[in-house]
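Labels run A, B, C and D following the written order; every chain starts at residue 1.
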């Protein structure tokens, strides 16, 4: 092992060259690794130790279905100095997902951004761990072609500008050693890394409380239909119940605070409980599946298949309540900010100044988005049934075809005439000029 | 009858006061009335004759299910000098609906604007008729609280700045005479206007090729669930077939040019035929129902229930193809223009300079939106299955997790570092200042 | 006098028909009139009394150069029940102008909106007076073709939805009586209204602390050069001193809090004092003159000539500080909001929900806009000399051509390569397809 | 010399590692170098030859004041296989600057983007030369911290996706060799590269037809006033004539086509001639100087001092004509596109699909921007005097305070009432709720 630690100590900006570490005076450098328990991050864990680091494995429980005790045991066995299991599920909902619901934002008009929202939440936990543990480095297993590397690292640099990031899938030495899955398997065997018992699915999966995504492998061809049994959460709509499920969802300032199953009168109130209940119902009724082509931040198009059960329901319900309670022009401005929010989230800028700014503006817009929306979930679809709000701007008397309300129809004549003024001027000019000098 | 025609001849800007007409030198003024055959416009027709006008009834066949021969007979019997039945169905599709599909625009994120798109199309026919017939006036039966009066009249003034508009539902004299439906019935009886044989539904309906809308009456309360049998076009999803219908839709520059039923191999190609075929399939599968609260242009909120069967399918399919074929940044700009398009259409500005400008920009963006999208229609929902384009920007090799393509993962490291530069500067400044003088 | 008060009590929406007033039970209705002391509002005052109202004259001291004691005496003599002289200069600066400086907004890229900002401030005072005095009506002398009627009345309805507005210049009866200035003079003579001692300038003037505007009359032709001696505040640049005036302006969160004359070491700190000092210097140096064509809200184009001395200086200085202290992306978002702010202000929506929302977002953006900017005023121009901020995001070492800073130039290579990815894909597709099937 | 050509032939994406070249089969690889004649690019020229390349020097005459014959002689003497002197001045104006004038765009509200506009024009010439010469590589002398590297290379990859770029100031080997100006001088002496006869100014200069920029060195501190004699083009305003220069500029579809000096009756018509004439006048009158802090694309703030004489005049004149001839709403949309244009140009995306799209939309908006604007240039400032257009939308009769025109003031009452509708609803809801459950 060489003794050159220039790259790590002097050159903050270089994340991809000589990676060998001999630590700081009197000890090794500490790296906190975002650990999933899978083959990739297990190999990275061992490899980092080989490079001379003390490795702390950080596992965020963000709602994925894992046995966290097993993960802990596994990481320790592989040589981790410490394993942190961090239950961030409530934080994820309250500090990330709720903002997304308030924003009503979809990336490129379709994607609820389930993965994008999780990354800055995990990164926050990772960086907090690095702080607590006095680690100078973090590491992750995200690939070099994806969005997640960007999301992790922009979060990291935003939160802790002097953090050092080890991204093995971008390091030449690592890439040469692990040139394909065979190499990973071989390395795992050599280092007693347990191999996955089930065969890897022919695509990549990312799961959290909010969604599951399916990408890569046989899904990479957007011209090929995806397997019908791909989804882990939602039932196929054809297997969903023949009776709709009717939910009444209560929002306070744009955030869901209660759900009531109208048929069964069941109610849930705390963030996690109400969320999981809506998710359960939405999964049973096949709600929230999409198959899309999207634009990655790094400039390539990819195909993703996503299921976002509760997210889809909450998006629809929130949108409906917003139209009832927000002034038209306020919502229009907020909608524009939401488009920025979507791009910021997708591209990894959650912890940036501009995203903090946009979120504060969006939150401000939600002061009146309070009330109940009733929805039916049925065979993959969400139907808005009715809505109620003490802060409604809907005035039944004013809009009624049968009542006058505080309204003089003659005003509309003046309104139209004034709006038409510039249209008439334009046409007059253009019929004149078109006849002559065009 | 007085002989004062000052209001009509000298005062172009006054559409709402003294309405009595004695015509121009040697004859009566001619008014072209947008005639639907219903009780309201029948009464208006007779009333306009009473005011001293020669009335020409203009009926646009825009896909509503009417007997146009009966309408013609009825209008003539009521005293119309002439009846024009104008089949605008293809124009409506090609010059209005196709633009909307290309734009991918929804008003307030939900409404396909089926009524909004029809109005400027009908207004164009109406104004063309006025030109041909040498009429100085047009009239319509739109209410004084709605969007349609604005759409009709802004179109009218845009197309023919010196046109005079008679909007009876904003004229005090007319409103005093027809203060409720009883007065209309009474007037109809007096003037041999045939009364509707079927009882009026407890809400108002507007139908065309693209959609049917339901508003007013018992629907005015947004807190009350709408009747389940309200929809005229679409089957209830629960009554839809248990087998999905798979369609392959071909677009050329963002416009649908062909549909193929993958199961039956049926194909349709001309605008009207392919549209009606998609509509038929979508109706059978319960696609396109919404129940929303929206913001009218004149500033009140209203509740509308809409069904837009083929429009919903085409919106989804077009969106999918756009993501495959358009550069990310081009689409982002186009999407912004589409938000303007939606507002322009909804608010009645179709024939304005800004809408013409935005449409030309949107059309320009569609040069590459060519290819096929395969969709399943099932129980009220549209599922994207796959897509293909000779102009795809999707590069399978580039995005592949298993191939390198023309891509060096180390570039992503530099990309992230540069993007992080200002984030780090911001944090450094803000951790400094927050500790001291904040 | 008739006893019919239907129009005033029952019909809140009709502001333009029968205006005769007999007051409420046991007394006359009270109207608060925005009174300027000029011929127009003096005639309106008397005319309102003739119509049966008790009139309270409200005069806002918003920085125009008037003798407010004379105005008071005059109004009382004309029959006003009461005269309110309201010094709103500080409110105008702190609650209106400072927002405008923070926003950095110009209407249509040029106009500092001196009149637009004053109207909602005056309207607020007027409505507060109506509240205090228990008045059911307000009145103003704005013309029927201008923006000010809109600004006054949208403010009024926003602040007090049930207020009744009397806008004489839109009332047929008033217009018939006062058909031209001769009628006003005649009426003035009949009612002992003092006639202006100086001949009216051949254009219309509006003055306040922030600006003076010149419109109408001989200025209505945009093809004719305006008189060189039109300006009341600023010296002609050619008559300005040959030595520049150097000011150091200190901002706190985007608001000017101090000005120092670098040559003389004079300092001013409170809002009004610092503002007036900058104004004085800017006037002496001929700063802030423009001659523009603008789009009125009601749809016509008009030509306006404006001088905004201190406003022009503060706009430039604030912009400079913003670029030093705000993150690029935050400023970009804020700039977009500022464009909305400009439109809202110009069009009279200051007291609307959307304007309140936008202002709160803009204010939020200014948290770091703190520091000093040094400017030279010279012959009509403002030159930025230098700037300083404790919250600067400018990093001399980072940007230096001679230092490395925390920067690896190789990162820029990766950055460029990744940004080029989609550009290359696009070109490849387009060189392929252009050769074949275009 | 080694024989390893892997880096150049196999690895298209790597621009910064092993640079040694042994050429293609039977010969050396050819690189076209953007050559300025200065010390840096002269050293690079020689260094590239040392690395084994055949070097073609490309010099764009874009209006900088150089002796192109001397440059040619010098480059050949240093070993260039060929020197291309490319007069792109007219192309620069007509294909780049005119678009900028039409757009009315300023980067961050101040910068006319003189350097940004030149880069894609030079890059186009460079890539065309590479095509003609069959060169596989290009090279440039832009630094690793600036915008120009991005502009050159994004242009290059957009125009020719398989081009290879050598950016010496990002190559470690080069940076180690040339670590400071002393090394450059030493290298120059060793290789008979003529040293600059005049001492280098303590800042960096970039000049073209449109502007001169001053950056770096002693200007890097934004808190220090810049030297008063820094500007090469413009006279100091205090040295400018005491008489203004009055120009009448004629635009056709947003592009200047003629300038007339009103005092002297001199006229110029072709692009280059009229541009140079306006430039000459503007320089004489000290027009177009700014001192700003701006945000570089790579994320750092820098201070730049610029002079853009004719550009400043044309910006103001075009803006004035646009307000006269464009519909308000069209201009508003176009203005939004112009903000995108500014960012695209500044950040180097001229040849991207989105910039091509935006330019086509902006150009479309200019169909009516035809007419004359008269301006005075005086002591550093541009004053708009008057304007005329056959396509004006200004209607003197309509706007006149003394004429009625086709306008009924009562319409304005209806307009205001309708616009106030939602404002009143909002206030009613909010005064209700604020009293109770807020």
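By definition in this document, contacts are C-beta pairs under 8 Å (C-beta built on N, C-alpha and C of every residue); 3 or more make two chains touch, one makes a residue touch a chain.
Note that the coordinates shown come from a computational prediction; the quantities given were computed from them, not determined experimentally.
Averaging Cα atoms per chain gives one point for each, and the point farthest from that of chain B is the centre of D. Taking C-D and B-C together, the chain pair joined by more C-beta contacts is C-D. Taking the mean of the C-alpha atoms as each chain's centre, chain B and chain C sit 38 Å apart. In whole angstrom, the spacing between the mean C-alpha positions of chain B and chain D is 43. A straight line joining the Cα centres of chain C and chain D is 34 Å long.
Within chain A, contacts with two or more other chains are made by residues 13, 295, 298-300, 327-329, 332, 336, 349, 352-353, 392-393, 395, 398, 406-408, 410-413, 415, 417-426. Interface residues of chain B, counted against chain A in their complex, comprise 13, 15-16, 104, 108-110, 143-145, 149-150, 153-154, 157-161, 167, 169-170, 172, 175, 180, 204, 216-217, 220-225, 237-238, 242, 289-296, 298-303, 319-320, 323-324, 328, 331-332, 335-336, 339, 343, 349, 351-353, 374, 378-381, 383-388, 392-396, 398-402, 407, 409-410, 412-413, 415-417, 419-420, 423-428, 430. Every residue of chain A that touches chain D in the complex is listed here, in rising order: 327-329, 390-393, 395, 398, 406-408, 410-415, 417-419, 421-422, 424-426, 429, 433, 437.
Interface residues of chain B facing chain D in the complex, by the touch rule stated above, are 11-14, 295, 298-300, 327, 329-330, 332-334, 336-337, 340, 352-354, 357-358, 360-361, 364-365, 406-408, 410-411, 418-423, 425.
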